[in-house]
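Both complexes below contain chain A, partnered by chain B and then by chain C.
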Partner chain A sequence: MKEKKALHRFAIALMFLYLFMPLIATFLYSIATDWYDTVLPKGLTLSWYVKLFQDVRFVAALGRTLFACSVAVGLNIAVMVVSLFIVSLYLPKLERLLQAFVMLPYAIPGVIGAVGLIKVYSSGPLAISGTVWLLIGAYFVVILPYTYQGTRNSMRTVDLPQLVSAAELLGATKPKAFFKVVLPNILPGVMVSALLSFSVLFGEFVLTNLLVGGYYETVQIYLMRRMRESGHLSSAVVISYYLFVFCLSWIALKLGQNFKNGNFDNLRGKKYELPHYR
Partner chain B sequence: MIVVRGTWAQISKNLWLAGALLPLAAMIFGFELLPIMGMLIDSFRADDGNVWTLGQYITALKNPYYLVAIKNSLLISLLSSFIAIVAAAFVAYFITRLKPKSQEAVLTYVNLTANFAGVPLAFAYIIMLGNSGLFTILFQRWGLDIFSEFDLYSWSGLVLVYVYFQLPLAILLLYPIYFEIKEQWREAAHLLGASDMQFWLQVGLPVIMPGLVGTFSILFANAMGAYATAYALVGSNYNLLSVRIGALISGDVYARPHLASALAMLLALSLIAAMLTNEYMMRRVRRDLK
Partner chain C sequence: MSYLIIDKVTKKFDGMVVLDEISLAVERGELVTLLGPSGCGKSTLLRCIAGLNEVDGGRILLNDRDITYLAPRKRGVGMVFQSYALFPNMTVYENVAFGLKMQGLKGDRIAARVREMIDLVGLAGKEGSYPRELSGGQQQRVALARSMIVEPDVLLLDEPFNALDAKIRKTLQMELKNIQKKSGMTMIFVTHDQEEALTISDRIFVINEGRVAQSGKPLEIYSQPANEFVARFIGNFNVLKGEEFEQLVGEPLFTGKSLAIRPEVIKLSLNGENGKGHNGSWRIKGKVVGVFLKGNILRYRVRSKDSILDVDVLNNSMDCSINYDTWVDLVIPKDEVKVLNL
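Coming up: the complex of A and B.
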């Protein structure tokens, strides 16, 4: 039995070596001065990161990514919270229909989504193809499953109808109950899904490239274009991106643990893993 | 009078509710349903967009170029899913034998790497195994000729990278399935004189089989729908279904949106089939989902 335990550990260690190798190599490459024919880099430096954040083009790309992601997430959360508030209070019969529509994007890979979006928006009354507005619309749909699950779960946890009727019993109007009682209570859960959505969109490449690639350079597009020019600089992009997403997930995880039923996977609303399509 | 006022209040309340729900409905309609319907209609239209036809589907399934793309996509999806699921079947089981605390930690780290995909992943492999990659040059220096044949920008390189992003997903999917094998069954089997091998072949495997098939179908869908990783690694050069669709709408060669729609519909059908298989299989194995 002991021998087997050792075998198990060895296999798991081997898996980790395999899974973390690309990350470690990229990290080392991003802090190496010169590294092409030795086992380890010749010297270490942070100059690639300094160069990267001094690169006007990169900073502009970062700004575009942050703008598109923030608008899509902010808009989505605002619309979702109001809609779910109304549906669960007044129109519970609509809930199943709504769920079907908002969960659908989970199953649609970006490359299929882009076909229809380009068709609808490249001509006609709403020719917004190639602009950030089409991208924001597409992003809005991509994160629907995440924000829906997060918001709905928090509303279930606080038992929304009960909470609202309690507030009304104490003399609050519906809007007052919404802003003063419901919102503060569901905020942590909603924040978690917002952070998660943000990190999903931050790594989005397919829709961005196909819908606005040539006109709106985000961080992912920047990386794609520069990765064959400068390996060190691109490594710095990858590591910065990864650290950022890691921090977001970590904050979300910590936030999630602070309230009941706040398991990260529950909030992501998965019964089990779904394809990532990347 | 009271009745009239009541209906008026009712109407204004309903209007108010409908108005508040309008933004979400409009966004779902405009950016989800309308594009899907547009794509469906487009796929049955000729290139000029005026005539109803099955021509796009016939081109997609008859033209050798697109047929090869479909075949390549199916092959790489099946192969990478198969390699990943075999490796994951062992590793996920080994994880379940760890202490609960360690299990949680291991899964967290696996989850971390599950997000490493797309362009960053392709890039990492280029600096490791590309033409002047770290390992490529090291192996050359050490005279390891077995690796000199390897080309990252070919079929084998693509498989390698696909397996990488399939493995964490496979582990995360398979891990919960092993809990369906009760410890008592194993003890009972051993008491009755079964060897480890016999236990797995006659009890363990049959129990988790639907889970394996379901997981395999999700992995298959995952690879079929993947685009960014392949595009970043080999551009439009390598003939895959998703890459072809992307090229046909972005006009890398020349845009043919109607053909792209038909190919996208075929891709969507394969994904739906895979998802339904998974749903059916998972219900058979995961009692906690019923």
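Coming up: the complex of A and C.
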């Protein structure tokens, strides 16, 4: 029995090593002074990070990426949650159609999608080619499958029609039923979808490069350009990116747990107490 | 004028008639039961009263108000669902207080009312628990408290004890009856369980195929079934064709009619004599073809000529001596043979 456990632990450790090795190597390279002909770097330095965060171009690129991703994810989640709420409650027959629509981005390769978008939006009444708005629009479409799946799954974990009926019979209007009862119960799922979508967009390169390229330098474009200059610097960008996504995941999961428990006061640092009751 | 009037309400789903011009009236402070088999339309009627299903015809009047087309929140109707429908993100306290918050009440007034209601349903000490931390019975109590606290004109209960085990179910039936008597609230209870309906109701509406098959007090429904459906559904009546019964007793009295006899009114005895019974009863001979133990009752299935009759006797040690293939005498009181409407 003990031998089996040790074997399991060894297998898991091996898997983790395999998964984290590239990240560890990238991190080591991002803090290495020289690393050519030795097993480990010759010296360690944080200068690449200092250089990176002192570079106004990087900070600006990070800001642009955050802006484009946040707007696209925020808009998408708002539209998806409301659409799915309406479809689940009043138009369940349309769910298959909605599913077919949102799965379309899977079927269209990024390059083809980008060329099509440029062609449509380079002239005519909505000439937004080369602007961040076209990028946000494209991002919106790219993450549809992720937000749809996550939101739909979390809606299925609660008996949505019955909860809304119960809230309405207790005097709630439909918007109140949605915000007080439905949203807190689906929020963990929605948060996870949002996070997943954010991560997908944060690492997306093909669409960004083709649609906006140098006009709107995002972290991905910045990374590509700096890679030619210094491997250490691009490694620092990659590690910063991972740390950022990690922090984002942690915050989103914590928020999700708090909302799920109905413990909204904890978010404000106030412990929940029953009012004048005991 | 009655407190709640359902006037020729019709409801169709995809062209299929579920409620067929159903009409009934409920008085203030009554606990009535809509009793019927699955798919008879009783839950649909409840949802129509609550405004969760739109009606295709007819009117619903509550306390002299036409509520047929009002939004659910404006009807003054509360509802307890079969699956409880408690809000998972809220504690017991918050669930019960939800309706009062929606009414715009604040702090202390809410707390006092919630305390009163939680005490009434026996959940003191559970205020801070989430629904997932409660048993099925406790969850149903929360659902009841949550619906009652807003003091609806009428409270609808859609098979609320279905998911509970027999013991808790019986306890809650008694508690519901007590709570209803204490509060004086008008309640409409939906169930497919005859025993439950007979136990708790002031009046019963037996529903079949979207219409009221019979209505009346529990004893009336049980002892005087109006038709074959009610007789078969409400109890374990022996339902016989008139000709079949005439063959059994040898008297031509019921040609073309349908008859119902309760199993417990037939007297069963060993070694009796065949032939006609004394005035006021028939005596017939039969052979026991089945014995079923139903707790305090023993049910004998007896074949006499071409008919099968069920006979219920109190389960005591003496009766246990009657086994399969024993010849027995059955005495059927004449006034207990009910002629059913066709």
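Criterion: the second predicted complex is superposed on the first by the 216 of 278 C-alpha atoms of A that agree within 3 Å, B and C clash if a C-alpha of one lies under 4 Å from a C-alpha of the other, contacts with A are read in each partner's own complex, and residues count from 1 in each chain.
We take it that a residue touches a chain if its C-beta (ideal position, glycine included) is under 8 Å from a C-beta of that chain, and two chains touch if they have at least 3 such contacts.
Quick caveat, the model's predicted, so the values are computed rather than measured.
S.K.: Contact-wise, after the overlay, does A:Asn185 reach chain B, chain C, both or neither (first, second, both, neither)?
M.R.: second
S.K.: Of the two partner chains, chain B (first) and chain C (second), which one does A:Met227 touch, if any: first, second, both, or neither?
M.R.: first
S.K.: For A:Arg156 in the superposed arrangement: first (chain B), second (chain C), both or neither?
M.R.: neither
S.K.: Looking at A:Leu104 after the superposition, I want to know if it touches chain B, chain C, both of them or none. Which is it: first, second, both, neither?
M.R.: So A:Leu104 only meets chain B here.
S.K.: Output check: A:Arg57 vs chain B and chain C. Expected answer is one of first, second, both, neither. What do you get?
M.R.: A:Arg57: touches no partner chain.
S.K.: Which chain A residues contact chain B in one complex and chain C in the other?
M.R.: Comparing the two interfaces on chain A, one with chain B and one with chain C, the shared residues are 274-278.
S.K.: Which residues, counting only chain C, touch chain A once they are in their complex?
M.R.: For chain C paired with chain A, touching residues are 50, 52, 71-73, 77-79, 81, 83, 85-91, 93-94, 98-99, 102-103, 107-108, 110-111, 114-115, 127-128, 130, 146-147, 150.
S.K.: Which part of chain A faces chain C closely enough to touch in the complex?
M.R.: Per the stated touch rule, the residues are 158-159, 162-163, 165-173, 176, 180-181, 184-185, 259-262, 274-278.
S.K.: Name, in rising order, each residue of chain B that touches chain A in their complex.
M.R.: 17, 20-21, 23-24, 27-28, 30-39, 42, 87, 90-91, 94-95, 97-98, 106, 109-110, 112-128, 132, 134, 137-138, 141, 164-165, 167-169, 171-173, 176, 218-219, 221-222, 225-229, 231-232, 242, 245-246, 249-250, 257, 260-261, 264, 267-268, 271-272, 275, 282, 286, 289
S.K.: Name, in rising order, each residue of chain A that touches chain B in their complex.
M.R.: Contacts found on chain A: 5, 7-9, 11-12, 15-16, 18-23, 25-26, 29, 35-37, 39, 79-80, 82-83, 86-87, 90-91, 101-102, 104-105, 107-120, 137-138, 140-141, 144, 199, 203, 205-206, 209-210, 213, 220, 223-224, 227-228, 231, 234-235, 238, 241-242, 245-246, 249, 271-278.
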